[in-house]
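Here chain A shows up in two complexes: once beside chain B, once beside chain C.
The block that comes next holds the complex of A and B.
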């Protein structure tokens, strides 16, 4: 039968027709053009899956790691339900990494410390009593006042330096410094020497800032030295996006050097595996080729550096590609080829991170890599090697002055060039009686886990004679926090205020961290804790401290940062940042190209050649121009005259790039980039070099308890090359002993071709003994089965029972005498099959041996005998090097 | 006829008095358990435990050694505070929140449901110390006590309709918000407790809850609740040591 001309259609016919329609070539034209998958939108709005109601969107700045990406938190019924990238952020362009996306789990983690705790048992025993924030800040103020009163009574302001503040990640925008300077102490220690301090000290004396910001998207050639750009390096999220833009979108060639097959090396056109710490030799050999073959940019070297091309050619003479081959294992032929390609492909850039700089003499290696960009004239070019671009913000007035008495642990006299502290050395110096501690405060820091020879920190912080009062501001019970006497928990980064400006791309911007929800359960943000502590310490203002913390609310403090910045002020200051999260708004993200575009869909180009900004006539009033063109006003250089024009230049005394560093030479270091073979280079054939690496879903220490991330990555077997493994009778998955001079650990072997045959690599982020149930896998320990908090997700869904093994205890202290960096990749080890009785996770190490390492590494410092024998080429009066002295109040 | 009426009247009077007494007792028990679990023992509570409640607790099976009644008050309060913090406050302990038991995260929907129930009864929640939420087991148990008292008050006023409403609220709260997790939580907490006071109060609370649940739920409901309370950590059924280490 037919109805309206259509025959009866059986179910079978319907199926046939449906499948034909669905499978037709033009089937995509069918269906509604109005319905869109929500996830295909570029962000900015989100809806409840239960009610369909639009969720409240609040911008924030991420602090899951240190990259400070722009984010938007979606809040439903007062709870953070989802995080995503802020589309208005010009550098992170609406994207967060895995750590950022999982960040809201920090907030609701039942292992979070939600109330101040005061220790009641022995230090580290785990016995606590809860107290209120009010009681906690009163106790802290009392302890601080004892030190200050003693300093006053003894008329010795240096006693105030017994108040020590150590942080791992301080993104408070000046709050910690304000607090410490208010207390009159210079004893501030960051974590930078376990991070990239030698990179900074390799770069800063040369061109001013501490890192490069490559114009990846517009480049044509990239050499990556020891950086895992796509997964973990500095500015990972923005850099990874732009690297892909460059390699895929702009057909740039990527050459990568790493001892391990990272995902960046895997993505590269060419990947090489040099011997650890030989990047400098390769870079110098490339410079040798470029200079000797006349591939350099003579004009740039002449106008914008403090050296001549002839000087460089002479200096680079010993660094032939053959020499570099001998040191690195990379063929001289490849070195020549890549040097030529790099010099002749325009624009080009290098990028480097911890691979080269985390060695003794890492500063030289960084300086050598930096030099490649300078001699080829790629500095500040579109597609080249650019200066980082950030923005500042004012500190609320009045600002406390830095105290006059320097702290030996903040500015160790034996490391005068290490402008980013040498925090690894603090416990050794204190144990030797070179400094004293009364109150030690720790913030976003976990040295008992994250530092080399981490057992030394445990031993030091457990010792009440060395550290009489230990305060932690951590919201998590880390390996360090569990040793504290007092815990005043901060909130998570989604519940607090900070000003931010990270040079994560070529668009300078300010951003804000603001509470996307009220601090959970009445917890208190760190900034408020500082205000309360100072108010209790100086109740009536008679101590002259209270005026520096005269904020009624934390918001007042933030307004003082943001409300008077020209440009931002006109747009609403703090209120604008609260609404948008970032300032300025450069444009929008083009959905096709992902570039920042204006209203007419034209790309908003970043500014280039910043050093060529011309000084105004006002700037020049009262200025003098010196012999080398440096323009000075009073004691400061403000620019440089080149070809009759007055430019702002670079952030150095001469306002040119100072490849020749007088500051290095003063202490007997080579003023030009050199390569110094490390002790690991002359290891025995049977030995290996131990390296560590970060993974893309974890920070060093703080994310192991985050469910999503712990599930993705939780164990860290030692990567070992098949040839190396075979020679030792090791198979994939075998239990192995990795032994350094300090002792040994027992882990498993991951046999893979993706590792240098003379290297064994173990990742960080695993093997916690604290930091919560997931980090410790407590629920797998029968005795602690009750301690699951009844969490069904942890109880039922944790399918893994391997938390990994932490490598840091067997890593030896080894300090770059220039930049002060820890030589993370300088520890020589033996690797063998585990011995009878060895258990997975066993770690046995010696504090005594670590103390010997400290003495050994001092021999590399500028006063040491090894320094002198390693720098015979330096023309300096060796018998009259500057005497070690406390050099400045603080860095 | 008249006699029968009198008997009936007397009987009704006795029943209501019994019921009032039962509700007061119920309120007392829940508020005792709630107070002991909601925060640390203070001087006032300790005085009660060592004084008026000493004998009734002992008769109920509380097994506290002589020390509990003899050590100086300050010392005992300190010991109990440390035990309380280790058990219920510091990380690594047993989270006392329904949200955590249900979802593994703090401050989830269980909080909203608890607050809604409190408000329906004319109460609101305000934390005193940081890190406290409305779905704390101590607060929830105390709330059952509040409802029982309200029922008793209504009965005393002869308002049977109101009493019935309070009773329904109490039973619903007990069944929906407490019954599915709190008894086994008490059991685990009692096993984890090191101090006899907490071992005892948690064991008592578990018993109290089962007794109340048995009185409030039908057999099917009770079976379901028992099933939910038996939730145990799942054991791995493989030897992870054998897992290929390179299975990254």
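The block that comes next holds the complex of A and C.
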């Protein structure tokens, strides 16, 4: 999930804020204080509970999950003893979630890898030899040089794409791309298609950025489509804070859709349980009601979109509430009522996350939900559905150019719209000979656990013919890392440097990660490993690589990012960030309202209607105003003229919201949001749809050995409705078999009213076969020779005896042909009582069957037969769709 | 700081502080940040908790609701644990904190038996950072923070701002205003303990079943595992 929001805020805006905060009158400050009690401070300093001594406070940016909350680490005698939210961070506002509060335990994980290791036994056998970081980077450089030398000898730069780098979480702010471009490889793979890529591809062509930032605190009506914003979804901590402020403080109504009672649906004023993957039908039906009943914002549609209301009314004709009822199970009456409420309560917003988009055709679902905000004119309104606000930082010069030869695994030719990669497909493509690997590097990534049909990744990465050299940078012995040939452990997020900016709220800001303590036990941060590797690869600079890594220290690298940013520079550049952790500082947090306020306790309001920023006469110099008001300068559109004014508009070619997407149509997809029933919709009555979910105290795979979190949540019985259970003779707690086309797993039933009767739900985060002793409940065993050891609390006081069962092996690969997302919630299963001899935790699956799933899902790709039969309504020259070709370089 | 073994109730006494917590259940989202913050604050070992959040689901499909119930020591104005402690290890501070002096505690568990709220536990051995064990421990309202002008750690991190802390004797404080303007309840008022944790908008289903037995298999099996490992103490957790 690499959200790079567009940088909308200008330095001029910051100066304005600075003035507002700086011009406070002393008398007023005193006056307002008298009205309040002397309340306790919320945070910012800390004292030992044992000695009362003040602790050293060092700001950092969290990376327990990917929300990048601002934090402060408290250090006592060289040890991180606790973490708390950074009061200066405008979106985190001094608070961390459970994972964030427990984050310091990553540093002291008894099973943390404290030394580079080289494999001595068979791959995956667990036999290692300790080596130094110097030896490890020499070995990596040697392996990389073999590939580069071969590419040079054969005059084929494409051979360099045999160097593959796959990450799950790359928060290095460009270091990985710099490294790979320096090596001349485009074979970079993220994890976004197992995360939320179809949400991004549903949004980006329409309005530019890949996510919405809702103004929760000021809204009056929220429809949540399949996100679990109070537990896990993107920007959980800042969004959850503001959502509670909106619902309780501002009396907003929250309507929630989920197939399972999440904490969000359990908190909502009204919760509905739609059939999995039918959110799009509901959203389209609501749009149908809003358009047909004249509840839409005609001015906004006319001025700011590339469609007309008439066009939408025609398009939405088939999506009646009655049709949506048939697809979703939500009554037409409720659909009409909620649609009317949403359209007539202002301001209002939707939020959506993986529920709708993690399906085949998830991009359409996201686009349909997005459209509700557009037609009701809630976009960028106070209390509405806003653009994300991020900030950028420059890369240190010189910056290596992207290599010319594209990598088929990074940009698969059959998925031309999937702008966030289709990483799930890489092993299948390589096994079919469509790409070759020499060195595979894995960073913050654990596909052997986290990917659909995870057994395919295990078999692929174990195969030395497919992957001759596997390098992991993980400090934890994950299911993937244990298959490596070489481990060069990174440090934890509290011991290293990264630049950050996340649009976690309406205030754009920069933040940093910095070592709050010296890396433990002589471990070395990843960034230094990259510098050392390049320096060894190109010792004298003759290969032209060394100059891109000409940093004396890692901190110099950070200074090159931050020391020359206008505004920040005047306040001290990187030194300011080291001290405060975040920039700019908008004001302080009002303890009673949690609003950001200035010295007079007046709210420092965020900016709204960013698309209505007017272009300056300088901007307009040499610009042309074309059809539909689009303002162009050379090849680029820079704005749009509306009512005689020149606005910056949205990040699309027309600078308007493009509900009609030419890019979709080019490949035979419907340019407007549609609903396509999924194969799971026509499952047999006896079958169920398997869905997965995350819980509030865990990430997908990285927290199972964090003791506070594991104590709260460690096992994941399958949620099943009482009606469904009793029809199968299943009682609460019974051993059950969940069987998909790939095979089966044996787990226990959690019979609960809080789930759709045609769904079975199994959470992630449990059932590890690696990732430290606690994750596997082997904490009584001795620590490995390479591990940190310690924490007698873990070895003696763990009281739970169930580590859960991981569902991913039975989940089928199913790819959204538009956004490239994995359809996590499209696997059809049967559920029955366990058979004789079945043991809890048994998993039996077939790699061969998973390979068939790959072929099946390609039929949905734009070149496939199912694509064509599913899109008869699209008016394109079907026999002359663009030919599949390697496109672009990397993203 | 002045201590009194059984300080007189200070609620409403002019010139005295009466620290109290208001828990606005409308704002609790069950995020468990408080539980983890508290564990970190005191290096609380596995198996015991100074604060927890109970979770309960109600209703029938498709009309269902989830409820959360944060629990901690009530820092009673009339605390039975203090009355019953034979060694004066447990005392009530004149500002309202009910505290434990480890060096006087003989772990007789009388206070555990006397507390109607299951808010006390014996500190297990093999802690990570702080090595004190084998004595009774409990929530302190983070008196070490409050004395320095800070709110308790669980309040500091509360995402929903459900936990609010302050001096109930100061009419201008947020807790005073919340208690005055909302209908609040305290737990087991009939015990005469004068608890100082006030809940806004509690569901009866939660307040009347604060010590209810686990219902689901998932929760029962956790409780079973817990009692196998920790004989003699009470299970006090459960997310599922």
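Quick note on the criterion: the second predicted complex is superposed on the first by the 836 of 891 C-alpha atoms of A that agree within 3 Å, B and C clash if a C-alpha of one lies under 4 Å from a C-alpha of the other, contacts with A are read in each partner's own complex, and residues count from 1 in each chain.
Rule of thumb we're sticking to: contacts are C-beta pairs under 8 Å (C-beta built on N, C-alpha and C of every residue); 3 or more make two chains touch, one makes a residue touch a chain.
Remember, it's a predicted structure, so these values are computed and weren't measured experimentally.
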Chain A: partner with more touched residues, chain B or chain C: C
Touching partner for A:155 - first (chain B), second (chain C), both, neither: neither
Partner chain(s) touched by A:883 [first = chain B, second = chain C, both, neither]: neither
Which of chain B and chain C A:599 touches, first, second, both or neither: neither
Touched partner set for A:872, first chain B, second chain C, both or neither: neither
Which of chain B and chain C A:840 touches, first, second, both or neither: first
Which superposed partner A:98 touches (first chain B, second chain C, both, neither): second
Partner chain(s) touched by A:707 [first = chain B, second = chain C, both, neither]: both
First, second, both or neither for A:111, with chain B first and chain C second: first
Contacts of A:126 with chain B and chain C, given as first, second, both or neither: first
Common ground on chain A, meaning residues reached by chain C in one complex and by chain B in the other: 79, 108, 707, 713, 715, 717, 732-733, 748-752, 790-796, 799-802
Sites on chain C touched by chain A in the complex: 24, 26-27, 29-33, 35-37, 39-43, 45-47, 57, 59-62, 64-67, 124-130, 140, 142, 144-146, 148-151, 153, 155-162, 165-167, 170, 172-174, 176, 216-218, 220-222, 225-226, 228-230, 237, 239-240
Chain B partner contacts - residues on chain A that touch it in the complex: 77, 79, 105, 108-117, 120-121, 126-130, 132-133, 476-477, 520-524, 707, 713, 715, 717, 732-733, 748-752, 772-773, 778-779, 784-796, 799-802, 840
Chain A contact footprint on chain B (complex, rising order): 40, 78, 81-82, 85-86, 89-95, 97, 100-108, 112, 127, 129-133, 181, 184-185, 188-189, 191-192, 231-234, 236, 240-241, 243-246, 248
Residues of chain A defined as touching chain C within the complex: 35-43, 45-50, 52, 79, 81-85, 94-102, 104, 108, 230-231, 237, 240-241, 244-245, 248, 261, 263, 265-267, 271-273, 591-592, 594, 695-697, 707-709, 711-713, 715, 717, 721-723, 732-733, 748-757, 790-802
